[in-house]
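What follows is a set of structures for review.
Look for chain A in each of the two complexes below; its partner is chain B in the first and chain C in the second.
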Partner chain A sequence: MSFWVILAYILLAVSGVVLLYLTYRTDDRRFIYLAVGIFVTFPVLVTLDLPFKVSPEARQLFDAVEALPDSSTVLLTFDYYASALPETEPMSIAALHHLFRKDCKIVTMTTIPLGGPSISERVTRSVAEEYGKEYGVDYVNLGFKANYVAVLKGMGTAIDVIYPTDNSGTPLSEIPITQNVNSYADFDFIYVVADNNIVDYWMSIVNAQYDIRVGCGVTAVMAPRFYAYIGSGQMTGLLGGMKGAAEYEKLVDKKGTATKGMGAQSLVHLLIIGSVIAGNIIYLTGRRGRDKNKPNGSAA
Partner chain B sequence: MNLIEFIQVWIIAFLTLSLLSFLYKDNPFYKLAEHIFAGLSAGYYVGLIWHSVILQQMIDPMFDNGKWYLFIPGILGVLMFSRFTKNYSWISRLSLAFVMGNTAGIFLISELHGKVLPQIQATMRSIDPGQGWGEFLLSLIIVVGVVTTLIYFYFSKEHKGVLGGVARVGIWFIMVSFGAHFGYTVMARISLLIGRVQFLIDDWGGSIIQLFS
Partner chain C sequence: MKTTVPVIIAFLSGFLMVISFFFRPEESFLGRIEPEILSWVTIVGGFTLLLGVVSIVRVNYSAVKRRSDGWIYKLATLVSIFVMIIPAIIPTSWSPKFGTGPGSIYDWCFTYLDAPMMSTMFAMLAFYIASAAFRAFRARNTEATLLLATAVIVMLWRVPMGEAFLTMIHESLPDYINTYIMGGANLAVQRGIIIGAALGAAAMSLRIMLGIERTYMGK
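Right, the complex of A and B next:
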């Protein structure tokens, strides 16, 4: 790292301290917003590569995919809205790189109406082009169907009843990859990328009732809830938020937007930790001052 | 970047900045972006439900494949509109009863089989020191955490004495859980901001450079 970059980051730290002080003096929270904005923008402009470790849960998911025989059939879901793209899209892209490298046959689907079908179409096609994969032979996009509980239950019996056609209206019987895929039993692995509680249904309906391994990538807000599934051995690997996506990018050796965002993530976390500590010090010193001014024996 | 992509990027950038402007204070740009989002979402949903549910799952199978029995769920759906009338709103309960019965039937099995039993089983861990200190400590934390947290939510006896002490330990476990959730939530929200900033710098910034080059 050059001298000027180090100097720039020192100035960034100073600006953070100044903005926190201004927040304290003026009681205007907009200085905090400004500090967060600067701390996010700066590392995106001046790349900051901080080291991070791969969690055992991300490693477990990677190993599970890695252990699949070549040409396995995998169901990859795009169960997320456009609002969660920064966290979930890098997971999908990294998963596609991993699966296409292993020459897996990929069936994609979504239970999200707003943006789900177009996101899965765009992301899958762009990664497939890199590997020279052909639509219908190497991958297929089933698209969206309403009422996800009915969809998840129904696919256990007959996929073509739930999805008679793919996303563009071609009957599944005319698509080579889906001719031998009738139900969950024909998938070797299910890779769920989601931003909502559908993960619960993938576990309680599909994993528990059809006994197929499910690995998940979820937004950071949801991640803590799903560690219980890892602990019980029901879930095969878990990616949590942008950090999880960056871990998977590292594992598949394909740096993407998640890895690039980790510098900003770490810096803002430092800012928040600093502001929490400063806020507590100000609160405690202020309380001590108030206690001193209080007359003896007065009620709190 | 072609002309269509260029216009798309500028619209997205304008709406992104309009929404972020709320952090300074409420303003017409924020309201415009908010209303566009609400209107587009509502319109998109109506079109999507018409196409993917009413057409694809009811009308087309009925007329093309002769699945006339699909008129039953169709009628149940129409009955829901009776809620808009004062005298006949009770009819909608027929549809609701079907939905509730159906949902309870599906979820009773899946919740029990997929969540409750495996989670109870995962909690029943051996706390034998002979299994190695690391594993022993982990098992002990899980068992103590689950038991004390459950006792905290036991309200039939006042939390005093031993029960109060155990419940207090439960609070500590709950607080650790809240802390983990809060940390992850901060990470999630910052990730969304990072995504927007990456878009503004890489895509929108790229289009500005293209404009002047």
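Right, the complex of A and C next:
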């Protein structure tokens, strides 16, 4: 690491402390907003390649996909809104790289009405072009159907009852990849990328009732909830937030936006931790002062 | 009549779904009922989306008509709805700009307007969280202190810089956090929540099927 990068980070830390102090002195939250702004922007200007470990849950997901026989059929879901794109899209991209590299047949779908089909179409096409994969032969986009519980349940018996056509209106019977895919029994693995509680249904309906392995990539705030499924052995691997996406990018050796985002995320986490500590020091020292001024001098 | 018929429909639908679970779809009439009902449910789900659109148009239209507070924003909502809907439902045989495929008007509006706006709303959370961390996240008692300390450790563990710092203290500290906090205390609590939620959902389903719970009818 160069001297200038170290100096830049020291200056950044000092500016963070000064802005926190100004927030305390003036009681103006705009100073802390400015600190967040600087801490997010800074890693874009001064890039730092940060090393990190791969979690056992991410490794488990990678190993499960790696262990699939070549040309396996995998269902990949795009169950996320545009608001969660920075965390979830890198997961989808890394998963597609891994699956296409293994020459898997990929069926994509979404349970998100607003933009779900557009996101899956855009992301899948862009990665497929890189590998020279053909629509209908190597991958297909089923699109969106309303009422996800019914969709998940119905696909267990007959996919073409729920999705008679793909996203562009072509009957599934005319698409080579879906001619041999009738239900979950015809998938070797289900790779769920989600930002909402649909993961519970993938586990309770699809994994529990149809006994097919399901691996998930979810947002950071959701990830702690799904450790229970990892612990019970129901879920095959878990990616949590942008860090999970970066871990998968590292595993597939394809650095993307999640790896680049680790700098900004590191700094903002440190700023928030600094805010919590500073806030509590101010609170505790203030409380002691208040306690001293009480008539009997006793603590509250 | 207005109450009895929906209760009977809810009971029969739920009962048939439960019964059909135990029959193979290709071998029995009861097994074949399940996919049939599920395809009805997706169709009903499509109509609920339509109902949502009609409802939002009605509410916003009346607000614009009355020139109530912030009517200009409601007008923007109405214009946005139709700008997205109309090109999306026109067949692509007329022009490749219609429909929802790549390069369509809908796709352009989603990619360059909707997605950035949704991302902006989500990103603003970082500013509010930082402010709340400074002003409100206090070690007021033992429970709050435990929660605060755990949150700080987990936040530190989830980023490369924090991981490097933890590794300086002890090489295996990040692994211990994953094992004992995430796979220990967190897992135990989450299991309790999941089991509780599942029992609640089962109880609610039974109440709906037996006609005890009628809030879905607007009562």
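Everything below uses one rule, namely that the second predicted complex is superposed on the first by the 296 of 300 C-alpha atoms of A that agree within 3 Å, B and C clash if a C-alpha of one lies under 4 Å from a C-alpha of the other, contacts with A are read in each partner's own complex, and residues count from 1 in each chain.
FYI, a contact is a pair of C-beta atoms (placed from the backbone, for glycine too) under 8 Å apart; a residue touches a chain by one contact, two chains touch by 3 or more.
Since the model is a prediction, treat every value here as computed from it, not as a measurement.
**Student:** Could you look at A:78 and tell me whether it touches chain B, chain C, both or neither (first, second, both, neither)?
**Tutor:** Touch partners of A:78: none, neither chain B nor chain C.
**Student:** After lining up the shared chain so the two structures overlap, which partner does A:268 touch, if you call chain B first and chain C second: first, second, both or neither?
**Tutor:** Once the two structures are laid over each other on A, A:268 reaches both partners.
**Student:** Between chain B (first) and chain C (second), which, if any, makes contact with A:45: first, second, both or neither?
**Tutor:** The answer is first: A:45 touches chain B but not chain C.
**Student:** Is A:151 contacted by the first partner chain B, the second partner chain C, both or neither?
**Tutor:** Only chain C; A:151 stays clear of chain B.
**Student:** Which partner does A:205 contact after superposing on A: first (chain B), second (chain C), both, neither?
**Tutor:** Only chain B is touched by A:205; chain C is not.
**Student:** Given the touch rule stated above, what does A:279 touch, chain B (first), chain C (second), both, or neither?
**Tutor:** A:279 contacts chain C only, not chain B.
**Student:** For A:257, decide between first (touching chain B), second (touching chain C), both and neither.
**Tutor:** It touches chain B, and chain C stays clear.
**Student:** Among the partners chain B and chain C, which is in contact with a greater number of residues of chain A?
**Tutor:** Between chain B and chain C, C touches the greater number of residues in chain A.
**Student:** Just chain B (first), just chain C (second), both, or neither: which does A:234 touch?
**Tutor:** A:234 sits against chain B, while chain C stays out of touch.
**Student:** Quick check for you: in the superposed arrangement, does A:86 touch first (chain B), second (chain C), both or neither?
**Tutor:** both
**Student:** After overlaying the two complexes on chain A, where does the chain B footprint on chain A coincide with the chain C footprint?
**Tutor:** 33, 36, 40, 83-86, 113-114, 145-147, 149, 153, 200, 204, 220, 224, 228, 231, 240-241, 243, 265, 268-269, 272
**Student:** Quick check on the complex: what are the chain C residues that touch chain A?
**Tutor:** Contact set of chain C toward chain A: 25, 34-35, 38-39, 41-42, 44-46, 48-49, 100-102, 106-107, 110-111, 114-115, 118-119, 121-122, 126-127, 129-131, 133-139, 148, 151-152, 155-156, 158-164, 174, 178, 182-183, 186-187, 190-191, 193-194, 198.
**Student:** Across the complex, what residues on chain B touch chain A?
**Tutor:** Residues in contact with chain A: 23-24, 41, 44-45, 48-49, 52-53, 57, 103, 106, 109-111, 113-115, 118-119, 121-122, 142, 177, 180-181, 184-188, 190-198, 201.
**Student:** Show me the residue ranges of chain A that touch chain B in the complex, using the header's touch definition.
**Tutor:** 30, 33, 36-37, 40-41, 44-45, 83-87, 113-114, 144-147, 149, 153, 200-201, 203-205, 207-209, 219-221, 223-224, 228, 231-234, 240-243, 257, 260-261, 264-265, 268-269, 272
**Student:** Mind listing the chain A positions that touch chain C in their complex?
**Tutor:** Residue positions touching the partner: 20, 23, 29, 32-33, 35-36, 40, 50-53, 55-56, 81-86, 113-115, 117-118, 121-122, 125, 145-147, 149-151, 153-154, 157-158, 161-162, 167-168, 200, 204, 220, 224-228, 230-231, 240-241, 243, 262, 265-273, 275-280, 283-284.
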